[in-house]
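In what follows, chain A forms one complex with chain B and a second complex with chain C.
Let's turn to the complex of A and B:
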């Protein structure tokens, strides 16, 4: 269909507005992170003398006295590196665990019919509508009885329980759409169900796994409330929780906070940009 | 094959759910050092009678109303603007999902800088344009909830937009061509073709937006802490449970939130069925 001139101008304006709306807050963060602390309250839109002090402070982990910067005394910037590592470890391990559980269960529910399988499937799906907060308190107590608070296994288990229902549902739909024939041929040729799954089904699922893996990575990396309660010590504390401690009650060292924010948003931003096609596919309701 | 999933959800969803419900019907027990005692629904009424809970519920309804309005309006506008193929559309779509992909804590911080009373970008801009004459403290007054909702919606709009874009794609081009031949203006096409055919996507978007808005926490925590003027119901649960160390009442409130979320989900499904059948 032909697009009129007016419509084209309108679209150009709209697209500019959309891009500005999405990027402006991020640019503000980047610019602020490069502004010297003394200039933040006075400088205009762009710093006259950009400086990377905030970044080097965070990367070198220099301890900052609490009088400077309004940082609560127990937290100094030396925690930044370790919490970034914690975030990375938790994200990678949780994503693998979530994928493993939801691929297996999704495939199982899609292909293996057993007594009560449909009912079980819906019971697991029902947990999708349970807000995390309804279970987080009981979960907190459950994990403390097993001494799993502030440990990787505890956190990873919780993330699996939060994310897997969505994963199971999406992989179930995905497997339903895969052709049955190659698998059946393998079964007839004497493969076991497990061999057929590993050698025939799994390779076909590559794009779906990449797409959902990206979604889970973003979700886990951005998680705040759960680690705020279940990972409060430096052994496991992720960067999202640490950053909020950088915000002072009365004054905030904005360059420092923004530099931390920029570094903490790098991994998810890169994942989102590189895998944006796959992610959009999942979000708009189709996997792959 | 499905066993791991069953074990995990059994142990980490159903067990805490049952256990939590039992906690909400008792006082004491757990780490409190007091003997556990069955009190029926007393914790629920105690939680609800706290005047700050009432305020938090009202705040949450404001968050919900403003968020849904913003998200659906902006989502529709963006989806319709990006509906047709044009050069650079892929890049725009990639940029579009960034706000959704960022950790909500980081978005909160970015916007905190924009709203900052001292030389924040918003004050800076409005002072330069002579809209205001003195720097405003945006997050203190009556505007605090709308401002925080904007930050929340910033992260949800990409998701809603993609749901709408998928819905738009399912509308065949012929329908528009036929309408254009019959002399329908773009506005009438939007009103009589796009909107009605997007109803299913609207229901999905509204459900996603509602669940996100009822559970709003991170953005408020970063922008305004547990301050009373912006406290949402989930923040009230957090405060009751962990700051006042009242596990029983906190859990009772959490169950009310869960019930409300489920109720909204059912309402949308029913309304959507009515609208389409």
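Let's turn to the complex of A and C:
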């Protein structure tokens, strides 16, 4: 199809605008993180004397001294490393748990007919429309009853209950699209249903698992409200919560906040890059 | 009792839909039995019940003499070839073929040797390290066959395994599958909607309609002695013309005759001997079956026994001429007892886009209220002109007008 010159120019302008709109905040963050704290208010687009102080402060875990007498200083950055580790642990374990629940339930609803299965499936889907903030207090009370506040299992349970309905729905649709015959061939070839699922169905779902795994990983890594309420101790607090603590009441160390933001962005960016190939595989598969 | 035995098997789906009703069938040791029928006749459901992929509502299934009605597929010692091959996309051809052996816990060396042997039989040794996505349709078909034969099962089940192949390859694979089956001598239940596949491959053919067995016999039996109008219309390509007719018992020494479309054909003695009632009883309505290949262009235009026709359309196939004609008088086309091309090909959805080869032209003919004649390629017929067709009285088929059963 021949595209007119005007349309081509318009398309390029539109793409450029979208890219700038998406990348500009990140660019501002990176630039600010490299600007000495004293120059933040005065420097232009680019710092005159770029400094990596904010990064070294975060990595070395240096305590920040109060710069203004009488004004409370932001949190000690020595927590940054542990909270990054917390984020990583929570994200990896939650993603595995969400995937496990979603894949098994999605496959079950797609393939196994049992009494009330359709009704149960719709009840689970209905929970998708419930915003987390409306149930977070109830969740807090529930977890507190079972002594799961400030614990990994507690956080993971909540992430699974929040994310799994979406996963079940998507994997249900994904499994519906998978041909039944290879699975049936495996049953005839000597597999039990579980073996057929593990040896034949699961490998067929590999690209879907990679794509949805990446989505869940990014969602859990970036989650703020749930850990803010349910993980307040250094043992469980993720980096998203810690970064907000760098914002002081009267003064804020912007380079530090931005550097923490940039560093917190790295793991999901790496995951997205690594899984990009698989995710593209899903999309190309979906159109034959 | 070995092979595959179905005893009064019934399948009723939720909602009361009966797919298979009281089906009793035996595939004998080493036999190649083809289940054929139009879309929705229950043939695939029957095969899936034998495989254990579908629960049996009533009746019994035996494989290799063992009752397996309630056994899971893995305990039935069967191998199945699916319409879309059902290969494991993430495994190499070698692993696809050897998967069943591996699951059975065979030693690695044994698996390797038997996979190699199966690959040699099927001529796919050079493909063993490829993935299914890198194979053509015919190669995938061979891999699926390899996966079946390598296990040396008690029975083979094949569910329209040739539907996804092009016409030329289908003919080749037809011969390959039958020769392979004869070589391994394993009882085989083969499902197809294509009557040509059924006739060319099966030692015996079972024709199903609406979940019930219409007739079971050798291809010759089905062709020569169809049990009813359904079988008569299903077997043969183009399919048999079924026409409303009336039998008149002969007066005195005259032989009884059958009258249809304005012509009067005396029934041969052999036919009268087989059905003495046609001479004994009074005139009665029947359905007369005329196979397209049993017609010829008559040289005389006067004889009462000739069918006077208007030639509507002719199709030259090179080796023969297919003529669509409309009898000049008394023509009452019967509603086809078999599905139209569209219905029949609907079963192979997503597979071959070609209509099934079984009598497609006659179905078109029946739809347009025409009689089909399969004639010598040099037959002098012109579209739009009148002509006379002679039908071979020895080759007429008579059916009861009410029940459709053969007289």
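Simple rule for what comes next: the second predicted complex is superposed on the first by the 262 of 288 C-alpha atoms of A that agree within 3 Å, B and C clash if a C-alpha of one lies under 4 Å from a C-alpha of the other, contacts with A are read in each partner's own complex, and residues count from 1 in each chain.
FYI, a contact is a pair of C-beta atoms (placed from the backbone, for glycine too) under 8 Å apart; a residue touches a chain by one contact, two chains touch by 3 or more.
Just so it is clear, the structure is predicted and the values come from calculations on it, not from any experiment.
Judged by the touch definition given at the top, the superposed model places A:203 against chain C, while chain B stays out of reach. Contact with chain B, but none with chain C, is seen for A:139 once the two complexes are overlaid on the shared chain. When the two complexes are overlaid on their common chain A, residue A:102 makes contact with chain B while staying clear of chain C.
Looking at the shared chain after the overlay, A:229 reaches chain B, while chain C stays out of its contact range.
When the shared chain is aligned, chain B comes close enough to touch A:264, but chain C does not. Shared-chain residue A:189: touches chain C; no touch with chain B. When the two structures are aligned on the shared chain, A:116 is found in touch with neither chain B nor chain C. Set against each other, chain B and chain C touch different numbers of residues in chain A, with B touching more. Interface residues of chain A, counted against chain C in their complex, comprise 179, 181-182, 184-192, 195, 200, 203-204, 206. The part of chain C that touches chain A in the complex is made up of residues 51-53, 72-74, 76, 78-80, 82-90, 99-100, 103-104, 147, 151. Those residues of chain A lying in contact with chain B across their complex are 1, 3, 7, 10-11, 14-15, 18-19, 21-23, 25-26, 28-29, 32, 40-45, 100-102, 104-105, 107-109, 112, 117, 120, 124, 127, 129-139, 141-142, 157-158, 160-161, 164-165, 168, 197, 218, 221-225, 229, 240, 243-244, 247, 252, 254, 257-258, 261, 264-265, 268-269, 271-273, 276-277, 279-280, 283-286.
Across the interface of their complex, chain A is touched by residues 1-2, 4-6, 8-9, 11-17, 19-20, 23, 30-31, 77-78, 81-82, 84, 86, 88, 90, 92-107, 109-114, 116, 118-119, 121, 124, 154, 158-159, 162-163, 165-166, 173, 176-177, 180, 186, 204, 211, 214-215, 217-218, 221-222, 234, 237-238, 241-242, 247, 250-251, 254-255, 257-258, 261-262, 265 of chain B.
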